[in-house]
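Below, chain A partners chain B and then partners chain C, in two separate complexes.
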Partner chain A sequence: MVKKLKIVCVIIIFILFLTACWDANELTDLALATALAIDQEDDQIKLTVQVINPDEIAGNNFTNRTAVSTYSSTGETVFEALRKLTTIAPRKVYLSHIHVIVIGEALAEAGIARNLDFISRDHEMRADFHLAIARGHTAAEAINILTPLEKISAEKLASSIESSQQAWAKTKKVSLDVLLSSISSKGKEAVLTGVDIIGDPNQGNKLDNVEAVHSPTFVKVDTVGVFKNDQLVGWLSGDDSKGLNYVINEVESTVEETACEEGDDKKVVAEVIKSNTKMEGKFKNDTPTVAIDIKTEANIGDVECGIDITDPSNFEKIEKQLGKEIEQLIKDSIDQAKELESDIFGFGEVISRSNYKRWKEIEGRWSDVFVQQLQTEVNVDVTLRRTGTVTQSFQKEIEEKKKKDEQ
Partner chain B sequence: MKHNFSYLLNKWRQKKKKSAAVNNIPSDQTTLEKKLQDTVHSVRSSLGESSDFVVRNFKVGNNQTIKAALLYMDGLADKSFIQNFIMETLMVDTELEEISGKDISNDSGQSTSVSVSGKQGDFFKQFKDRIVANSEVSEINSYESLFQYLLAGDSILLLDGYVKGFAIGSKGYESRGVQEPSSQTVVRGPKDGFSEVLRTNTSLIRRRIKDPNLWVENKVIGKKTNTDVAICYINGVVNEKVVQEVKQRLDKVDIDAILESGYIEETIQDETFTPFPTIYNTERPDTICAGLLEGRVAIMVDGTPFVLLVPALFVHFFQSSEDYYQRSDVGTLVRLLRYLCFFLALLTPASYIALTTFHQEMIPTQLLVSLAAQREGVPFPAYVEALLMEITFEILREAGTRMPRAVGNAISIVGALVLGQAAVEAGIVSSAMVIVVSLTAISSFVSPTFNMAISVRILRFGFMTLAAMFGLVGIILGLIVMVLHLTSLRSFGIPYLAPMGPFIPSDQKDALVRMPFWNLRNRPKLINQTDLEREDTPSPKPPSTKQ
Partner chain C sequence: MLHQEKISVRQFTILVFMYTLGTSVIYLPSLVASYGKENGWISVLGSSLIGFGVVFILNKIAQLDEKKHLFELLEFIFGKWIGRIISVLILMFVIYLLATNLRQIGDFITTQVMVQTPIYVIMIIFILVSLFAVKLGLEVIGRTSEIFFPYALFSLILLIVLVAPQADFSNIQPLFRENIAGAFLAVFPASEVPYFQLFVFLAIFPSVNKPDKAKKGFYIGVALGSFILFIITFMALMVLGPDFTARNQYPTYILGKKISIAEFIERIEILVAIAWFFSIFFKLTINFYALSLGVSYLLKLKSVQTLTTPIAFFVVILGIILFPNIIYFMDFSQFYWPFFAITFGLFIPLLMLLIGMIKKRKQGNGSQTPS
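On to the complex of A and B.
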């Protein structure tokens, strides 16, 4: 008995020590990747990875090296290119902290589906990064730009995508699971936000770029790219993007403006603080129809003219005008989508939920039905809540003063 | 492994027993000599002519015919007491004593050594009943009892011609007195602590619990030290089985010396091979009284201020007497904080190792970048780095405890500046690791009992090793094994993890949290089986304002 116990003890001790820390990675052996860029180069995939130089960001002694560096390699597939990186990157590239994956416009036009599987399959990838398309440039260039304030440019990109969606609503943040489900859905098409480079990309990847007060080259999150299946087919303008966000109920806050009087160039501006959309699909005389009902709450944020906003009738007037403006936005947006033949709003899904049998009949030719037959009924209801810290604008007094002067 | 160890230990012990110690006092069991000088000589030679052994020969009685001797140990006995109350009564007062005079005059012609045996008793009795004016007098008739009293500080009065003598209570030795305890300090609460004298300690308890059911039983343990050990409990409240178990285990103790209660603790505890203490010790009389009132048993050892309390459960080591002196919400908060700190002290370095070497994806990017920047240039893996710092800290702590007080400042300067700051600046360790080690150290000091803090210190290294090998999986594995081990432990038959495992709903009120007193109606169920009701105070309410 004692002998057996002894043997078991010895075996346990050896097992413990023979594991040799398998799977362990010291922090100093890892290159923390923050952004991936996937481009098409000839027939191959060019993968660019942005890794951070921790010493430059949080270390004690700063040198004049950059906080991030990028490495590129090409291969038949993303996976192959990634492993090929080991030949040039000094450490093992660690993908868990990816903030942003930028896809080149050329690759997006050719189709992105075949490259997404690795990204969703790899165990190191957390699914909390944003995806974007580099508009007019290669994706590699987009993650090569150094940005002031945020030393890690990928973090700048990610936070821009997030905050602009939250406060401006003219962009659209898309995570991997949303993208994949939209690509594979039959009643919905995918969108991805676009990333523009303003200025000279070659200038932007040098340290000079962040040494100036006003950086000559910077990255801008702008507009939304429209996909059909997995191919990029066109771009929405900023206002169209906002219309899209209204329809799919993703407006958190934005700014709407309307003229004080009809034809007047002076404006009343409202800050949307809450917006709620309900979509209902139905068939009206065999015509698939989607009723879009939007309830929006807003505060008055800016009054440029002397309109009396304490007058309830004026209040109602502004509410109605704002409603019309939003309605127009949405209609333009839908028209644009129809032009691109891509149901980015998911109207197909709405209809399939309301009448599955009829949906099955038109499912196969949905994109034609969407373009030619689909009717939409847009109803926007704006409620103004508060007027800010002042009620009456001083513009009114100025106008009265002007009138007196004229007399 | 456990069985293996104890098996070997037992074997080794048995071997040792064969070569049993030889008694150096041959006259141990024998009665005293009839001739006074023979007895004194025999005692003196037994003590090896020790310098602190004092013999005062004198004569008593009207005609000073009776030879007598007073024996005491210098330093153990109160000299002024002997002078004023023993010598004076014997030498001065007996001269005027009529009765004793009569007695002696009867045998005046002969030497007392051959006095008639019938009168021996009378004379002796008179001595005991009337002459020796002292509250503590007992008869002795063997060397064994003579030495027992003599070495405890009592004075021995021997009369020529009698094979018995008197032991007169004259204990009076230098002791520290009641002082504030140096461990387990409180902000609010009594400031008196136990001292080295057993009698003082029992008095401190009896002063708090004025109940005839507070029973104190004495035992003498230690073949050489003959140390007084007192078992203290409240009859009727205590679990009888536990008392029996304590007595049985104490009876089995066969040891040369008991110099501290730690000797007793180690010889009677349930399980030797565990990092967790199964016996509670404290210097605080209020803590002991609270334990007694819960139905636990205190074991006091002469010569140490540390009193043992059994059974001791896991939760007891996270309770401070101050929990009950502060309001219940404060007590609860502090108690929860202690449990948090237990896990912090146990797992912080292990978690740091696991997260930075296995699970980098779990650390927020900004924090990871900052950690990576600090680790940049550190030549060791995280585990080695953590081990280095932990060992350094343990060395500092041990040095701080053992060194003379005067050089205390030197250690803190060396520890904080040289080791902490310089090591970081030299890039040998990362500053994050210094933070981790400091957090661990501070957390381990939160524990109100020192011995639980020590078990955490031991286990911490195991967890660090597990984390270095298996990451978080290893830590969870270690925790599972630790909990399994804890559930298997018993303290004098009571499950160690009670009242959590086995789960006793009513005892939860005073385990992780501390409910108000009016809610703590019953004593803990597991320890105590009878007389459960503790109190019946109604919940305090403001007086009604309605008429």
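On to the complex of A and C.
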């Protein structure tokens, strides 16, 4: 009898604990969000989420519905707006699979800090998404565009941000922890890449946008937006963005070009395959100075003129010229940052690392010191490695032929 | 007989290792980073030195009489009444430890993994497993530790290796410039959690089959545990940066979230979390065992297991009512708890050693020692 009672007790305990998980989230009850867009609308926050339409991604019979849908709602805060979405969206929005968060330009100019806390606090949010600013448009429009190739446009945005930094270096991918630590750092300011809409945004959210060979409307990853504290203060040009990436050692690969001869519009183009930056802070006669030392490896990728690249002295000349081009990029980029009064390179951190005592003296007025006093010494060392699949270009023969014809 | 059960030296070493990791493996990086910022890892090194000191003292105490466990030793050293009073105080401390650890794992799971699950459900599940282990006895606990040790170690190594490509050395610079005072200050709160609690191992020390080698095992367990703690803190600081590490409640878990190898090996943080599910389980179980040993010894019960079930229920309730909220808990454990910890973890063992040695010398001069 007692034994039977014991067994019954054990069974009851098992029933209590082994039924199911409290937090079971069935796939059919979730709306998987892939992108968030945060805009300012009057005094309120307008939140737009892009959710996957699962049937169109993994089903067998595709209908002519779109692969993603967006829902918007407004609220005093991001969190409120998100929960309010349940009134419009058919299911609970699940945030773990977010690829990008796009912030409206107006909101970025007003300050983003107050909206970031929720994103870093919420447990569903992960740390592996990219952040971007919708340049010239609202963020909602940026995630409303349908894109060819990638059915989920958020995925397209995320992979564009990544691949353009990798191969082009004029954009910059920024994750949440990087953004937060540079916003709160005393010796560094934040940057975020911009996304731009080319074409008519209203047309971009219709299915016929992807039915044409050339989509009339598409999203483009743009250059880098500069922050001062948590407010967007301006944009760098493409070249300046590249300069920024050179300084902070995030150039993986890019294209550099230099004139064959001074004043010539024909170019020699090199593909940067590796770049390594070392920065060192010091005080030269009380002037805070940062020495930027860049070692770049490149291959020749394109020759437009008849320069003899098999001649070592010419090779050296090209190396020097390329070095100067990069140096100029960096100098322009620093000038631009000084104009915007924002130390996006983290020079303050570099100086604090090398001379902490002196840094403490200037820490409080760093942004003034950065604009007025900071000196930089840029030294670029380019090494050309290979010339691609050919050595001498055929340009020389063509030039000679042309000359003969003229004679 | 209360301790006829025997565990091997290897099992003892693994238990020490697991105990050292305990809950620290998820809390420590945040704690040291909030004091010492980029120099937080120095505090981990400093605290592990203190840890070795504590182990030295404990080994010396154990040497006084290798057949006596903690509570017998207390009575032997301080005499019947004072010894018992100190035993009761220590038991209260251990009950508190047990309840807090339970609450910590509950808080972790309800914050990060299962948000809608009531915290007491998680606490009950954890304590039930511990209760089961204590009921089965020390030998079973020892063997369990041998089985789970590879999994725990493997998932920690997995975490460290997979997150290593994202480490950025500049995050922990400038070295030794800023927050040095903070880094040294943090040595004390950092050593309170694993090291000032190690004295509970005196309760199972006599059960190790080779007491001489157990001393070495004690050192090895603490060394390995501290090393893992150090590497994890170092990685958290390098990958997440001091600010982010300090701001996060569970930086080690965030570190797991950061793992991304070729966009293929991702989202495996819960696999990594297995490591501290095991380490916290063993910490709970050892504290639980020491507690029931002490209670049964003081009340002269025949078996260690008699009061375990009521204690388990008591501890769950205590864990829930101890702290109204997480901020209260953080404040308490940072500013008030160290004093308790240092009293029980350092002063009482020191006192035990001092008086014990004097007593032993006196007895050595006199006649026989009563065992």
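In the analysis below, the second predicted complex is superposed on the first by the 386 of 407 C-alpha atoms of A that agree within 3 Å, B and C clash if a C-alpha of one lies under 4 Å from a C-alpha of the other, contacts with A are read in each partner's own complex, and residues count from 1 in each chain.
Convention: contacts are C-beta pairs under 8 Å (C-beta built on N, C-alpha and C of every residue); 3 or more make two chains touch, one makes a residue touch a chain.
Nothing here was measured: the structure is a model prediction, and the numbers come from that model.
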{"item": "Which of chain B and chain C A:Arg126 touches, first, second, both or neither", "value": "both"}
{"item": "Chain B versus chain C as contact partner of A:Ile57, first or second or both or neither", "value": "first"}
{"item": "Which of chain B and chain C A:Val213 touches, first, second, both or neither", "value": "neither"}
{"item": "Partner chain(s) touched by A:Arg353 [first = chain B, second = chain C, both, neither]", "value": "second"}
{"item": "Which superposed partner A:Glu26 touches (first chain B, second chain C, both, neither)", "value": "first"}
{"item": "Touched partner set for A:Leu149, first chain B, second chain C, both or neither", "value": "neither"}
{"item": "Chain B versus chain C as contact partner of A:Cys9, first or second or both or neither", "value": "first"}
{"item": "Superposition-derived comparison: chain B or chain C, residues of chain A touched", "value": "B"}
{"item": "Residues on chain A lying within both footprints (that of chain B and that of chain C)", "value": "21, 23, 126"}
{"item": "Sites on chain A touched by chain C in the complex", "value": "17, 21-23, 120, 123, 126-128, 177, 180-181, 184-185, 349, 352-354, 356"}
{"item": "Residues of chain A that touch chain B when the two form their complex", "value": "1-2, 5-6, 9, 16, 19, 21, 23-28, 30, 32, 34, 52, 54-55, 57-59, 94, 96-97, 99, 124, 126, 152, 155"}
{"item": "Chain A-touching residues of chain B, taken from the complex the two chains share", "value": "1, 3-4, 7, 356-358, 360-361, 365, 368-378, 381-383, 465, 468-471"}
{"item": "Residues of chain C that touch chain A when the two form their complex", "value": "111-118, 121, 125, 170, 173-174, 177-178, 240-241, 243-244, 247, 254, 257-258, 260, 266-267"}
